[in-house]
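Okay, got some structures for you below.
Two complexes, one shared chain (chain A), two partners (chain B, chain C).
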Partner chain A sequence: MNLEMIVFILFAALTLVAGLGVAISRNVVYSVFLLFVILFGMAALYVLAGAEFLAVSQILIYVGGILILLLFGVMLTHKVREMKPRSGIVNLLPGLGVAGGLMAVLFYVLGKANFPETPPAPTQLVDTKALGLETVTHFLLPFEVISILLLVALIGAAYISRKSESPENPTS
Partner chain B sequence: MDLLPLILRIVICLVFIAVYALVAVYAERKVSAFIQNRLGPMETGPLGLFQTAADILKLLLKEGIIPKDADKILFVAAPIVIFVSVFAGLAAIPFGPDNTGALLNVGLLFIMAIVSVDVIGLLMAGWGSNNKYALLGALRSVSQILSYEIPAGITLLAAVMMYGTLNLHEISLAQGTYSPEPVLFLGIWDVTSIGGVVSWAIFRYPHLIVAYLIYFIASLAECNRAPFDIPEAESELVSGFHLEYSGFRFAIIFLAEYANMFLVGLLAALVFLGGWNTPLPNLGSFALADWTSGEPGTFAGAAWGTLWILLKAFAAVLAHMWIRWTLPRLRVDQLLKMSWKVLTPLAFLLFMISGIVKLLEVYQG
Partner chain C sequence: MIPTSWYIIIGIFLFCLGVFAVITRRNTVIALIGIELMLNAANLNFVAFGRMQVNPFEGQMAALFVIVLAAAEVAVGLAIVLNVYKRYRTVNLDEIDTLSDE
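Here is the complex of A and B:
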């Protein structure tokens, strides 16, 4: 067992435990902070797989953007002093059913997947330059489509959150 | 894997940051005193030199109070997250031609990502304290950091475009006499053998001077330093997100704040101000650049590199202090206007100029 293996097991265990925590914890704020631990653990696993860029983008986008948005949502929507933000237990049986079904499908797929016995060691780290070139050459169309989708979402959000100034609808 | 040099580097960095914070706090008090025509600390030691050491000693001996209604886990974890994230940023900083730190291909992005982890720590502290002032301070601080990350990130990208790499070691190599590729001043004059300031990014590509200024302003906001200290605003919020912290935990947060200033200073020096390269150019027979930078692989190379980059970072920290004690605090609407109507559009403009310059270079060469 070499150092890399130990680090992998540590981070995989950390990610799994944090994932369990997110699902079990009834304190919404704890769930969000545990989500941070998951994202961090995943980033570490990406680094071990030789995907530096993916790892750093994961932290940059998910932790720096999405997670903080979630935290803001939780912290601003609940009345801080009066009530503790807690989630109740709803849809226990259907939830268990969906989770169990998903797990069965994943196990089935993983069992059928053809993994090489000894995975090639990540000697060559993924080149950021190559990644960028691929994005703007081979995958240009998906890239542009996604950027337009995001722009549409942005405009939509700005439109919805804008105070209406038209005389027909003075209430909103 | 060689663990010993790694551990040695970590220990050196940790001790250095602690000592630096002591000196920086002392310097801050002296600078503020000078600007306000006072004397500053004078009692402890000659010229008050031991004042901050005594202060820290007092802080460490104080009781670490955890408020009764605080969220204990988050309250205790927050200072650790804040300090560890800032400290981890140092891992990717090259201090010389050999002492390259973690040779990450995405070093620059890594440091930008680290800042967002710091933000999570601030929110933990604000929420965990269970105090209105602390929570408000944390929310203000985080929204400010996030919105100023946009101009800071775009200006860094504008500079990175000129290098074509995110590797901080390659970025600093490209700004001195050891550059593997010819260094062109304004795209025409080969200054590879001259080195010094003329090979720094901001002089080779003059539009990056504006980029550097934008980055500097944004980094002030990211460190919550005046004039962007709305999150700490003593007159309204008592002292912001770390209001409930005392003793050792407060010391850690304080340390992280000063370390953060140092980190953004280092990053700006690396990307815009020539990294660990000497500012003195070779002038004919006065080979100032060669005299003040050792060959890579020798002790002199490491020593000169460390000296130059530390001097550049300290200059940035001093400028932070100078501005803090000169300018009044911005109002929140001025803060928003500054970010969205001035810095962000300018940053995008520079981004476009960088693209055009790069295209011209490609078509010429």
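Here is the complex of A and C:
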């Protein structure tokens, strides 16, 4: 048990507690802000796994983009006057059953799986420069494909959520 | 070095919490948050197993692509949610049942 492991356990506990809060909090805004805590905890776990660039991307994209979008979603889909964006819990037993069963299956598979506990010493330094070079050499095709996909998705999202031109038929 | 199974255990818990949130909540935004939790759990597995690959970049690149896909998914998903709200004045998944066979 060294310092690295203690830090890992601290951040893992933070992430899991926040995850539990997201799953059971009745207030939608609390859920979104607890997602914020989860994403920061995950970024810390990425750093501990030696993936610094991924941690920074996680914070930039998730916290800077996705979380703001989700907050806008909550804001635009609940009436401001009520000030109570609540959401109760339904299907408690089926939810517990499915999630618990899935967890049991995954832990069973983890117990049966055979992989080395500690990774071998890295042969190559995985820093941001090397990662960037790798992106434009070995992973060039996926990189281009995903950039086109992102462009298409963003144009589609802008098109779907645009203001309708005809007031008689507001959903067309 | 942190043992790989520790990451996998955190991933399992996060994934199941995401599944639980999607099943038990009736708010569309929380369903989207549950999907984000599941994607993050998958990402943790990619990073953890990527550490023991011969090419150490593969796991991190896959995780990066998953993050980009999550961004695209949330953008389109929220656009759809806004349209649904405009039409039905609710985001409760149980009340949006026009297509269901009564």
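We take it that the second predicted complex is superposed on the first by the 149 of 172 C-alpha atoms of A that agree within 3 Å, B and C clash if a C-alpha of one lies under 4 Å from a C-alpha of the other, contacts with A are read in each partner's own complex, and residues count from 1 in each chain.
The criterion applied here is as follows: contacts are C-beta pairs under 8 Å (C-beta built on N, C-alpha and C of every residue); 3 or more make two chains touch, one makes a residue touch a chain.
Note that this is a predicted model, so its numbers are computed, not measured.
Undergrad: Is this a clash or a fit when chain B and chain C both end up on chain A?
TA: Fit: chain B and chain C sit side by side once superposed on chain A.
Undergrad: Where does A:129 make contact in the superposed view: on chain B (first), on chain C (second), on both, or on neither?
TA: It touches chain B, and chain C stays clear.
Undergrad: Quick check on the superposed pair: does A:36 touch chain B, chain C, both, or neither? Answer first, second, both or neither.
TA: first
Undergrad: Now for A:68: first (chain B), second (chain C), both, or neither, which partner does it touch?
TA: In the superposition, A:68 touches chain B alone.
Undergrad: For chain A, which side has the bigger count of touched residues, chain B or chain C?
TA: After superposition, C is the partner touching more of chain A.
Undergrad: Could you tell me if A:3 is touching chain B, chain C, both of them or neither one (first, second, both, neither)?
TA: First partner only, chain B.
Undergrad: Of the partners chain B and chain C, which touch A:53 in the superposed model: first, second, both, neither?
TA: Both partners, chain B and chain C.
Undergrad: Once you lay one complex on the other using chain A, what is the shortest C-alpha distance from chain B to chain C, in Å?
TA: For chain B and chain C in the superposition, the minimum C-alpha gap reads 15 Å.
Undergrad: Can you list the residues of chain A that meet both chain B and chain C?
TA: Of chain A, residues 53, 57, 65, 72, 76, 126 contact chain B in one complex and chain C in the other.
Undergrad: Write out the stretch or stretches of chain C touching chain A in their complex.
TA: The contact residues of chain C facing chain A are 1-10, 12-21, 23-30, 32-34, 36-37, 40, 43-44, 47-52, 55-57, 59-61, 63-65, 67-76, 78-83, 85-87, 91, 94.
Undergrad: Would you pull the chain A residues touching chain B in the complex into a rising list?
TA: Listed in rising order, the residues of chain A that touch chain B are 3, 29-30, 33, 36, 40, 52-53, 56-57, 59-60, 63-65, 67-68, 71-72, 75-76, 80-81, 125-129.
Undergrad: Provide the residue numbers of chain A that touch chain C in the complex, in ascending order.
TA: Going by the criterion above, the answer is residues 4-5, 8, 12, 15-16, 19-20, 22-23, 28, 31-32, 35, 38-39, 42, 45-46, 48-51, 53-54, 57-58, 61-62, 65-66, 69-70, 72-74, 76-78, 85, 87-92, 94-96, 98-100, 102-103, 106-107, 110, 115-120, 122-124, 126, 130-131, 134-135, 138-139, 142, 146, 149-150, 153-154, 156-158, 160-161, 170-171.
Undergrad: Going by the contact rule at the top, pick out the chain B residues touching chain A in the complex.
TA: Per the stated touch rule, the residues are 1, 71, 73-74, 104-106, 109-110, 112-117, 119-120, 123-124, 127, 132, 135, 139, 142-143, 146, 149, 164-166.
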